[in-house]
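Each remark here refers to the structure printed beneath this line.
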Amino acid sequence: MTADKNKTTAILLIHCPDKQGLLALVTEFINSNNGNILYLDQHVDREEKLFYMRIEWDLCHFSIPKEKIADYFSTLIAQKHQMTFQIHFAEEKPRMAIFVSKMSHCLFDLLARYTAGEWNVEIPLIISNHPDMADVARRFDIDYHLFPINKENKAEMEAREIALLEKYQIDFIVLARYMQIISDSFIAHYPHRIINIHHSFLPAFVGAKPYHAAYERGVKLIGATSHYVTTELDAGPIIKQEVTHVSHKDTVHDLIAKGRDLEKIVLSKAVNKHIERKILVYNNRTVVFS
Amino acid sequence: MTADKNKTTAILLIHCPDKQGLLALVTEFINSNNGNILYLDQHVDREEKLFYMRIEWDLCHFSIPKEKIADYFSTLIAQKHQMTFQIHFAEEKPRMAIFVSKMSHCLFDLLARYTAGEWNVEIPLIISNHPDMADVARRFDIDYHLFPINKENKAEMEAREIALLEKYQIDFIVLARYMQIISDSFIAHYPHRIINIHHSFLPAFVGAKPYHAAYERGVKLIGATSHYVTTELDAGPIIKQEVTHVSHKDTVHDLIAKGRDLEKIVLSKAVNKHIERKILVYNNRTVVFS
Amino acid sequence: MTADKNKTTAILLIHCPDKQGLLALVTEFINSNNGNILYLDQHVDREEKLFYMRIEWDLCHFSIPKEKIADYFSTLIAQKHQMTFQIHFAEEKPRMAIFVSKMSHCLFDLLARYTAGEWNVEIPLIISNHPDMADVARRFDIDYHLFPINKENKAEMEAREIALLEKYQIDFIVLARYMQIISDSFIAHYPHRIINIHHSFLPAFVGAKPYHAAYERGVKLIGATSHYVTTELDAGPIIKQEVTHVSHKDTVHDLIAKGRDLEKIVLSKAVNKHIERKILVYNNRTVVFS
Amino acid sequence: MTADKNKTTAILLIHCPDKQGLLALVTEFINSNNGNILYLDQHVDREEKLFYMRIEWDLCHFSIPKEKIADYFSTLIAQKHQMTFQIHFAEEKPRMAIFVSKMSHCLFDLLARYTAGEWNVEIPLIISNHPDMADVARRFDIDYHLFPINKENKAEMEAREIALLEKYQIDFIVLARYMQIISDSFIAHYPHRIINIHHSFLPAFVGAKPYHAAYERGVKLIGATSHYVTTELDAGPIIKQEVTHVSHKDTVHDLIAKGRDLEKIVLSKAVNKHIERKILVYNNRTVVFS
């Protein structure tokens, strides 16, 4: 091992049954091997008696070679304490695909951040069930593939999508107002790796046309919710939610316009947390580290 | 009529089918009779083709005697244009009863504002199904009546409550975390005159224990909703809603504590609007004038 | 005059000393000439005794020809009541120029909305003091002109900018994080027609590096403010402000990142209100109609 | 030592120069002595290279007697690492005095929470420079002492106030809209133990009449700021800030009314954090643990 090989930081995400001393154990593992801790956040769910942790450290002088950290940590600590863990390295850029239908606001927001270098991510692929956004993809020089899905061809189309996603080595998928329900078998390929934006404050107004439903109900706030997609519609683990005030003066059209600003910001915040490996999912809820 | 008798302001609330010229008609009625307009807000629901208006004017030099305004307005304008209207005078203090169970936070907030003179209201009566808040009522010198309602005695108890409300000449009722469902026949006595605070962002988490349900669902915002009580549980016209951020760190107990601050502010804002005659209800929604 | 010529809506913005009957006068002018009022909002500043109004009506059957409305309104009403007024027609698209330096987030947000057709505006021109954003302009097919302004060449450069703005028939200018102070003489060409985004909650943290100042002060909220540019730095009439929570965990870098999301939304909301002719400026404050 | 003597939790607040291993050291100190950690939050200021920590643990089986923990921790850990620390025990109720002038909204909010048992605190004393709030104190059975301070008698009055605060064994003071500047020598008796509520979003609108100043400036948000009092007016470490939207329709009177709701909530949130020993002050900023 040379210093060069380790010139990065490691991110460790852990969850396990809670017990005394877990925090000391993990920090001691890093300290005693000469890792400099840069970030630590932990959470104990006292009701479920579960321990969650995210820790990041500088590998510069770390005495365990990068490629062996997972193995050492598993043997020395994780197995003894029923820990589930993931290890990531800061220089690895996750690869993200965007699914889109006809609306551009979320897509533009994602691509603007990508182009500006705000995020440590690669976006090589946009998939759509409509041709409308091809022009936006072209402006940003990103491959755009059209899959005109319908009830009849769904299974076949999704199979081809998955093949394409694999070819592009996609790590996670962002549904940027993709107006098409994804099948359970597709979701099974990307567990907690598909992020959706729903245009309501979930669990209010599940399903289609939430702004119309919100208008009918006469609510005084509208919201947007980003969540991981699970097989139950609009019921996956929530990552981020925001709302904005509306009044009797707002038509359905106004709600839709106000909602667009919420949707794009809430989706981008969720994507950012996912890219930074700051989300742990457990029991259909999320721990989102700060 | 002497100037003295008219030394006040009049508030007119109108709704009717929309058509051209309504605004000019009403303002002309006031101007031509020498009323000085102090406030005007109006709203047109273009989808339902409905016109809503709130107008307030100084009666000091108004040429129509106060007690005849309703009659004149009805004959000269309202009947010709299918207007539904209410007229109020600023010096009339509405009389409000508070219904409470065991929690004090909303009750204290209402009484603190009342005591400080923030509102143009009289609060002569507190009704409860528990004895717990009697001490708070005593501190503020307000009559406290206990009705230990249960399934068996409900009809009789409610009848006695209504008799008491009538004796106290109560105009409207505020349910300050009153944990008891009110019967349809009781509600019929106070249509759009019972204000409730529900401890969630409706229509999410209708019913009992909304904070527990919010915790289970893993939401990232909790809310409170003030609304008029109708016979369908938690489905009446919404007056005001607010939310606050929560995270995985918040236990159910934390949600309840954070929620208390929302509930009392949201309830008091709704009560304030009601007292100021700034709410019109139509089609189970509210127009809340600014 | 044919019906075709008038197939649009007119927007009238008025301010004048308040007195009785103004609202009736203006609505009567429109009604009696067979205009159908689509929007009306008004405000009376009781302290300064000023009346502000925005009214919009359908010209379809309006009996005064479009090109004579200003003349008629001036003669029949405005002059008699010391009214200052503007008249606009919905089909006229204002022409907007964007000034930008090196940051892309506001620029992308403006251009994404423009491309999506959210706004009734033309954006034919981007001006910058740096070459960095030329590539973004190219992606959206908008002319990009570079003026590398410095202290020595400022007067000359600004003169050339004004010539270019006139050539492009620009109506108003949006400073999308343009990091260059504009001279008084330049501002005089576009009174209340230059919109800036300042990256703080004004009047806190006027001037350069507001996020660094906010960090030093240890504030728990950061903000963004859109305002019209006047000759006093960061002191022009405020159009829109928003804030977001920050904590001790946020570094200056985090504040800057969180601020970007505020800036772009707050700037775009101000631009939207300006395009919709919903802003009146008086006494260095704004009336922003709903 | 018996189990009874230790039947409580300990809270340790630490700050010191950052270095590797601090977290492991402190958690190890607690774990190895059989303390069960109930809460841990820490923060590293990477710019200033400072480490902040709050840790709470169950003393039930802790092997070090309660009264010796400070001594042991100091000798074994704190001195070696230049730590500044405080230790508190959950059963110790801090004693709080409220200073008030003529306005009741913050006072009522504090006393309502106290009466409802929301907080682990004793409030035995209210001090005022006016008689107006004596009646509120009486309703809540709390001693009320009047000190009609003016320029001439200030030094003497403050000396008598301090004597009274000492007699009542007051730990910290809450200025609940106390409209009187406190002298530097008084502040020196309660460093970072006087909490004020300022009725603006500091640092905007320092000093008197901030709502009037906000109105003049035409801001679109107003705020409230709770902070520790230091000798520089309105410039002490900020604990909590909130804002609410306002518009051109709001008069100064409206801003004051809207502000009251902000002030009381923001002040109470700060008091709550102080009571829970969740605030560390350093370099005129606060670390507020979650």
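Going by the order they are written in, the chains are A, B, C and D; count residues from 1 in each one.
Criterion: a residue touches a chain if its C-beta (ideal position, glycine included) is under 8 Å from a C-beta of that chain, and two chains touch if they have at least 3 such contacts.
Since this is a predicted model, take the numbers as computed values, not measurements.
Trainee: Please state whether B-D or B-C has more C-beta contact pairs across its interface.
Mentor: Here the pair linked by more C-beta pairs in contact is B-D.
Trainee: Suppose chain centres are the mean of their C-alpha atoms. Which chain sits farthest from subunit A?
Mentor: Farthest by centroid: B.
Trainee: Take the average of all CA coordinates in subunit B, do the same for subunit C, and state the distance between these two points in whole angstrom.
Mentor: Chain centres of subunit B and subunit C, defined by C-alpha means, are spaced 38 Å apart.
Trainee: Give, as an integer number of Å, the spacing between the C-alpha centres of subunit D and subunit C.
Mentor: The answer is 43 Å.
Trainee: Hey, what residues on subunit C touch two or more of the other chains?
Mentor: 247, 249
Trainee: Which residues, counting only subunit A, touch subunit C once they are in their complex?
Mentor: Listed in rising order, the residues of subunit A that touch subunit C are 103-105, 108-109, 112-113, 115-116, 118, 136, 139-140, 247, 249, 257, 260-261, 265, 268, 290.
Trainee: Which subunit C residues qualify as touching subunit D in the complex?
Mentor: Residues 43, 45-47, 52, 201-205, 217-221, 223, 237-243, 247-249, 251, 284-288.
Trainee: Sort out for me which residues of subunit A touch subunit D in the complex.
Mentor: Those residues of subunit A that touch subunit D are 20-21, 23-24, 27-28, 31, 36-37, 40, 42, 245.
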